[in-house]
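Each of the two complexes below includes subunit A, the first together with subunit B, the second together with subunit C.
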Partner chain A sequence: MTPLTYDVVVIGGGMAGFTSALYLTGQGYKVAIISKGDPVCCLSTGCIDVLSSDKNPLDGIPGLSRDHPYHLVGKKGITDALNFFKRIMQDTPIPYSGTPRKNRTILTPIGTAKTTCLVPMTMAGSETESDTYIHVISFKGLKDFFPSYITSGRRNIRFSLYDAGTSSTIGIATLFEDKSFRREFISWIQNLELPHGKVAFPAVLGIRNPLKILTEISDQIGREIFEIPTLPPSIPGLRLFRTLKSSFIKSGGDNYWGKVIASVESQGDQIEAVTLKSPGRPSRVPGKAFILSTGSFVSGGLYATRNTVKETVFDLPVFVPGTRKDWFKEDFFQAGHAIETAGIKVDSSFRPVNTRFGNLFVSGSILSHAEIMKNHCGHGLAIATGFRAAKICEEFLS
Partner chain B sequence: MIKTDVIIIGGGATGCGIARDLTLRGAHHCLLEKGDFASGATGACHGLLHSGGRYVVNDPGAARECIRENAILRKIAQKCVEPTGGMFVRLPGDSKMFRDRFLKSCDEVGISTEVLSPTRALDLVPGLNPAIEEAITVPDCSIDPFRLCMLNAYTSRHGGGEILTHHEVVAIVKEKGVCVGVLARERLTSQIKEIRGRIIVNATGAWGDKIAQLSGSHVPMSLSKGSLIISNHRLTNMVINRLRPPSDGDIIVPNEAVCLAGTTSLPAGDPDTIEVDPVEVDIIASQAEQMIPAFGSTRLIRTYTGVRPLLKSDAADGRAISRGFRIINHHNGMFSILGGKLSTYRLMAEKMVDVISDEFGLKVACKTADIPLEGQDELSGYPLSKRLKTMEDIICECELISRGDVEHAINSIGTQYIGDIQHRTRLGMGPCQGGFCTYRALGIMQDLGRVSPDESLKILQQFLQRRFKGIRPALWGDQLKEEQLVESIYLGILNMEPQE
Partner chain C sequence: MSFEHCVRCTVCVENCPVFKVEPLFPGPKQAGPDAQRFRLDGEKSVDQWVRLCSQCKRCEVSCPNDVEVSEIILNAQLKYSREHLSPFSSHLFANTYYISGLGSLAAPVFNRVSSWGISKGVMSLLGIATSLPFPSFRFLTLQRGWKRRGRGARKVVFFHGCFLNFNRPDIGRGIRDLLASLGVQVIIPKQSCCGLPALGNGDLDMARKYAQQNAATLARYIDKGHDVVYACTSCGLTLVRDYPGVLDITLGEKISENTYNVHEYLLSLIENGYTELAPAQVNMTIAYHIPCHLRALGIGYPAARILERIPGLTCHLMEDNCCGLSGSYGFKKKNQGISRKLGQLASSAIREREVEAIVSDCGACRMQLSHYTGLPAFDPSELIVESMKKP
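And then the complex of A and B:
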């Protein structure tokens, strides 16, 4: 049993949870993260979508539904949160490019332009205008990235394939960590005699130090380089997760990884501890405050049964949009299925409504009415609400 | 222009069966199918080779046909039939009188049965509801409708017949009031082909009246929609039927690694636009759960629905209409073959070809009941042992399909249709329902020069719409989780725009 009581126990090790946890350790609090596994951000492009409707993402906020959690954070709050995120990534191997006040586009694996806000520096040079010639270099047999798709609807683009001898993104990214592999690869590119323009790669340029590898290749071939995200497993997502986790450990936080919560101990309106499932003696994690950031359906924070939706840790009341018949629109491409509004309703202090717990705060995609697919606001929402929940938690503790 | 003796419209079991029968009797023919094989009711059924037990009380004639054909197909189509055996289970509250009638009728029709105690039934199928009163075994089997069609067509293809899939008949050519040919449109290129023949056979099931109308005729049909659900697990190794008069959700059939449960019976309109209602899913799942409790909590990977092409009758309910079949002579050079069921497809084809032979004055007897289906040895098949052999370069992780399998399928049939690859390799048949692997398979088709990047994106979009239609009515639990991930890939990472 852990002798000490944590100031804050964060449940869920994704974007929202890490944002909260990193802010709080930075303020000197003793923080623990409990996560049942690696988060959904590993499957993401690593880009921080804030809101895709306008040139300035913040301009889209008034147009969101009345219950959208962004309204609880406000423009300034969102900006502060994104700047905080940029700052903590600044000294890591994966710094970010961009500003919270401006959206940009990146090239997708099918040649479309995707709107996002902050991007890993390895994607900073991403080009979606077709007046620049782009040469894509991909890898033979790579199954989650087919460069031919990118040429659809775009004239000014060609591709070449390098035989790396393996067909998974992780396999190739691992090869890029090896200096001799890179040397051979670079000399192969040099023999291609590429025309002027930019060179693009699927996002597999190493796992630990992508920017260094990208710069090395760029310097030697004399071209500007950028990465294009791939289908999951996504290396930029994996890099983001690993970086956040190691920053958290460095900042003095404790992590309980691969742990599932078995029970909750509470006294009156206060949660005192959660107990983790374990093969041996169950371990108890006590805390003064708790932040729930277990995510939505994909992460398992919410679970739908045939007729309703459950919150999986505290069994909190969930906002459910109608009955199952109403959850999905008929058209796959029509974003904004009603089920996306499902989640936990919170008050202005990010406490779940209609519950007795006074020391529980909720953040991230588990919040109701976030409609992440419709608004393209996934990581932005996680960072903004994670940051705000942490600040409120801080006030609560003092 | 293609010239032939018999034009068969429809590539379901009946049409393909007619093609094989004609081949064995030496008549030239051309089969036209607007989609892939088995894309109508043949592919949208339970995949159950009936013993006849289901019909024995209300329709002994159909039951008699079933048990006879059941014995024949076990013999001639070994690679399509899994002799699982089946049982009818009686739950508390189910009529004992019906059970007595059932046993008596089976005896009369010649369906072998054995009455089992609950303990013995549970020994055979441990997933059964332990509360069952008793079970009666029957010789039901699981059958693969797609392979059945493919093998029947194989005989025809190798015997000089023309088999044109993805060709939709858009007009019937008539001269002096007699049908002399058809115009068919190739689906992808929209190219029109003319085929001339002496007899046209309309074996289009639910589309029967549409085709008959093209010739200025009409067939009386009563369309009935039947929906099914697919579980992610094989919850039983035997076919499980409910021992009561035919009703919703009373049959569960094991098929490869999954189970199919259904059906419903609702009046249907246009067979091209039918959809599964979430309420039907709830009905089937809760009925199936009564026989096999795990059906209530198991993950459902997809739903589907088909239209039974029943003969028109005065019966109010589709279930009360006979499952028998009929051949209609339109007296204009066209024949329609209607009704029937997958289990009796061979018999239907035999009777149809008997009629054609009479017209042609052919004196060759039907051989389809005696000669095993050709091409069974060549069938690479989907056995897991084979799939495990080549674990390299897996493209579809759910069903263990390798890049080599996909390339082989694409090259051997030269297709541009993703559905063709899925039917022939099981690509995309698992829990993700092609959410990941279809993008890859189309990428491989681009690599092989079969489709352009633009075409493949269009095909991918159409596929995603079709896929969504099948899974939407059963989205909860793990399947909803998977669906949101797939959505985040296509609408998020790829920012795929809806197609107008």
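And then the complex of A and C:
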């Protein structure tokens, strides 16, 4: 056995980090992921938004600001990355539906239509435009999911409530893993004698094998079924995260979870290792190359002080849009607050600009000018830049 | 980070095993940071559901803001226990060390009697769950065997904990002899319970008493150049984290800095070129169930990295489920239902993988999962020892 220096150490276990890590383990590299905790992806709908402005998400790219990271990846790069993601998910319990060249809409818990690109197969049947009859089946007391929001906005939708004996998304999703619960639930639906059309559920149809459960119910009640994503705690987000993490582990990757980076060891322009803050003795994770994908403010990759913004691991220079008074618009709900452009500026090889580190690459929402909230490009950006950064990292290693 | 750093994102709620199956528990966010601001000094706690937390620490590992969720809950549990009478079963389990000592002294009798119907009836009256067979005791404990093995430049003191001592000394002996065969001097000093059962049952004073005894012993060896190694991941987490943390032991920092998981230690020996490991073929497909407290240690999964080097061994790493036993937690009648449901969930995930055996670092996880899957369960070191036997 040789002393273990990882080929690549990925810092940040979210969509971008896992995309990089899965690509690299797939190419035979030894990879570790260090993460402070579970990513924002756990709170997401599980859908992959690429860009919401046009029918083809890629058509919206020319309209983005000059510095948007999508320009560094290009249309082909984005398509390749999304296809890579679809391929990875294909062999898991949560395959995805859709193509990178077409946006679609899904039904939300308040009855509106959300534009997105790739969706988990359990949401593939989601209807927002046609006049098909939809019957929503929700659960008594389920928090933050009020079917009347959906029915009040549209004709031809009705709902029924099932008493599962518990009222959290996690609790109900756990019950769905149990065969006898499903049996009782299915016979309850059969007794409703629903009109023809589709049946929609909040996204709680199990955690580990949702598609299998959905198919089982669908077969037995003879109706097409789809899931509606819920507010956090979001089961589709949790499924996506767990699936990525277990795919990574299965591919031979190591993970250090719940760990904060205490210090960075470097020699000249090369980072040699990071140490993790632990009670007692800090543990050391050495690597040949490093990918930073710690996310933006919510995930703790960026931290705002009163007057400036800091990058929390390597203290990289951060692009900050003007002074604090320029950061926010007056109206909170107006899209495009300037602070959204804050982040790390990278060159075309995804190395941070104005730093000495030659073996550090940056990807995901920590990149400057991504403006995820405004462009609706979160997971898409993470996958596209994570994939590209991994490919460049691979060139660097060989 | 204090409770004020919580941004209410609910990631911890997604990770809480108890919340998954018990609607009476409001989840780590509400039980921890949310309720914390109402827990004022001098006001009696009313949050009796806080005792439903099993201290698996999954909330803390998942928290993206580094909030010490389970520590907040642990302190709330201790506060609740201080202010209320604890049930008899809690006193019993806090004293696991003494009871196990008695149990192993009278092992043949005790093991027989504990399986009798009438004894189960008595235990049930005392609030003890009887659905899971009680672990049997061994008279020839680790403490009653060789206390010193091997020679070499590397010296370790082995903290075996209660389970390996009283219930599975064979595993302890395997680890002792494995280390010795790799050129490590192993010492097994007299030691107490790590203190976790007392801490988990609301008896801070007793936990500190144990911790102080152990810390004094271990520190003496550390001063003489020994490293501390542990095999039980819950004992390990207590030594590394709680001795300098919630138990606030004077020598806590020293213990914490010098304590290693046994597989972490083995890996370091191999990676530094001190020794070589040439495992022989072991043809088996296993599910490696990661104990929650190994996750919480944040040292990665060192045993998995050794197991992956054993030719013929196919290892499915399972880390999404808590086994539900959580030491004495699942042995209490009031938690029996929660524990059973979690055990079944973890077991069905394992059964889907079609494995021949389960491997886990934690004795409690092994007991629980073996019971619900009907599969044999091993400590990783048992497989390593097996693979090192010359054919």
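Simple rule for what comes next: the second predicted complex is superposed on the first by the 392 of 398 C-alpha atoms of A that agree within 3 Å, B and C clash if a C-alpha of one lies under 4 Å from a C-alpha of the other, contacts with A are read in each partner's own complex, and residues count from 1 in each chain.
Methods note: contacts are C-beta pairs under 8 Å (C-beta built on N, C-alpha and C of every residue); 3 or more make two chains touch, one makes a residue touch a chain.
Please read all numbers here as calculations on a predicted model, not as lab measurements.
Colleague: Will subunit C clash with subunit B on subunit A after the two structures are superposed, or do they fit?
Modeller: The answer is fit.
Colleague: With the C-alpha centre of subunit A at the apex, what angle separates the C-alpha centres of subunit B and subunit C, reported to the nearest 10°?
Modeller: Taking the centre of subunit A as apex, the angle works out to 90 degrees.
Colleague: Which of the two partners, first being subunit B and second being subunit C, lies in contact with A:300: first, second, both, or neither?
Modeller: A:300 sits against subunit B and subunit C alike.
Colleague: For A:249 in the superposed arrangement: first (subunit B), second (subunit C), both or neither?
Modeller: A:249 sits against subunit C, while subunit B stays out of touch.
Colleague: Figure out whether A:167 sits in contact with subunit B (first) or subunit C (second), or with both, or with neither.
Modeller: both
Colleague: Applying the document's definition of touch, where does A:229 land relative to subunit B and subunit C: first, second, both, or neither?
Modeller: A:229 contacts subunit B only, not subunit C.
Colleague: After the superposition on A, what does A:279 contact: first (subunit B), second (subunit C), both or neither?
Modeller: The second partner, subunit C, only.
Colleague: Could you look at A:288 and tell me whether it touches subunit B, subunit C, both or neither (first, second, both, neither)?
Modeller: Neither: A:288 stays clear of subunit B and subunit C.
Colleague: Once chain A of both complexes is superposed, is A:43 in touch with subunit B (first), subunit C (second), both, or neither?
Modeller: Both partners.
Colleague: By the touch definition at the top of the document, which applies to A:376: first (subunit B), second (subunit C), both, or neither?
Modeller: first
Colleague: Looking at subunit B versus subunit C in the superposed three-chain picture, what is their shortest Cα distance in Å?
Modeller: Least C-alpha distance after superposition: 5 Å.
Colleague: Check subunit A for residues that touch subunit B in one structure and subunit C in the other, and list them.
Modeller: Residues common to the subunit A contacts of subunit C and of subunit B are 43, 167, 232, 234, 298, 300, listed in rising order.
Colleague: Help me check something: in the complex, which residues belonging to subunit A touch subunit C?
Modeller: Residues in contact with subunit C: 1-4, 32, 36-40, 42-43, 165-168, 170-171, 174, 177, 208, 232-234, 238, 242, 246, 249-250, 252, 254-260, 276, 278-281, 283, 298-300.
Colleague: If we count contacts the way the header does, which residues on subunit B are in touch with subunit A in the complex?
Modeller: Residues of subunit B touching subunit A: 278-279, 282, 285, 393, 395, 403, 436, 439-440, 442-443, 446-447, 452-454, 456-457, 461, 464-465, 467-469, 472, 475-477, 480-481, 484-485, 487-499.
Colleague: Applying the document's contact rule, which stretches of subunit C touch subunit A when the two form their complex?
Modeller: 7, 9-11, 13-16, 19-21, 23, 27, 60-66, 240-241, 244-245, 253, 255-259, 267, 270-273, 276-277, 295-296, 298-301, 305, 308-309, 317, 319-320, 345, 348-349
Colleague: Sort out for me which residues of subunit A touch subunit B in the complex.
Modeller: It comes out as residues 43-45, 49, 108-115, 141, 143-144, 146, 148-153, 167, 229, 231-232, 234, 296-298, 300, 303-306, 324-325, 327-328, 330-335, 339, 373, 376, 378.
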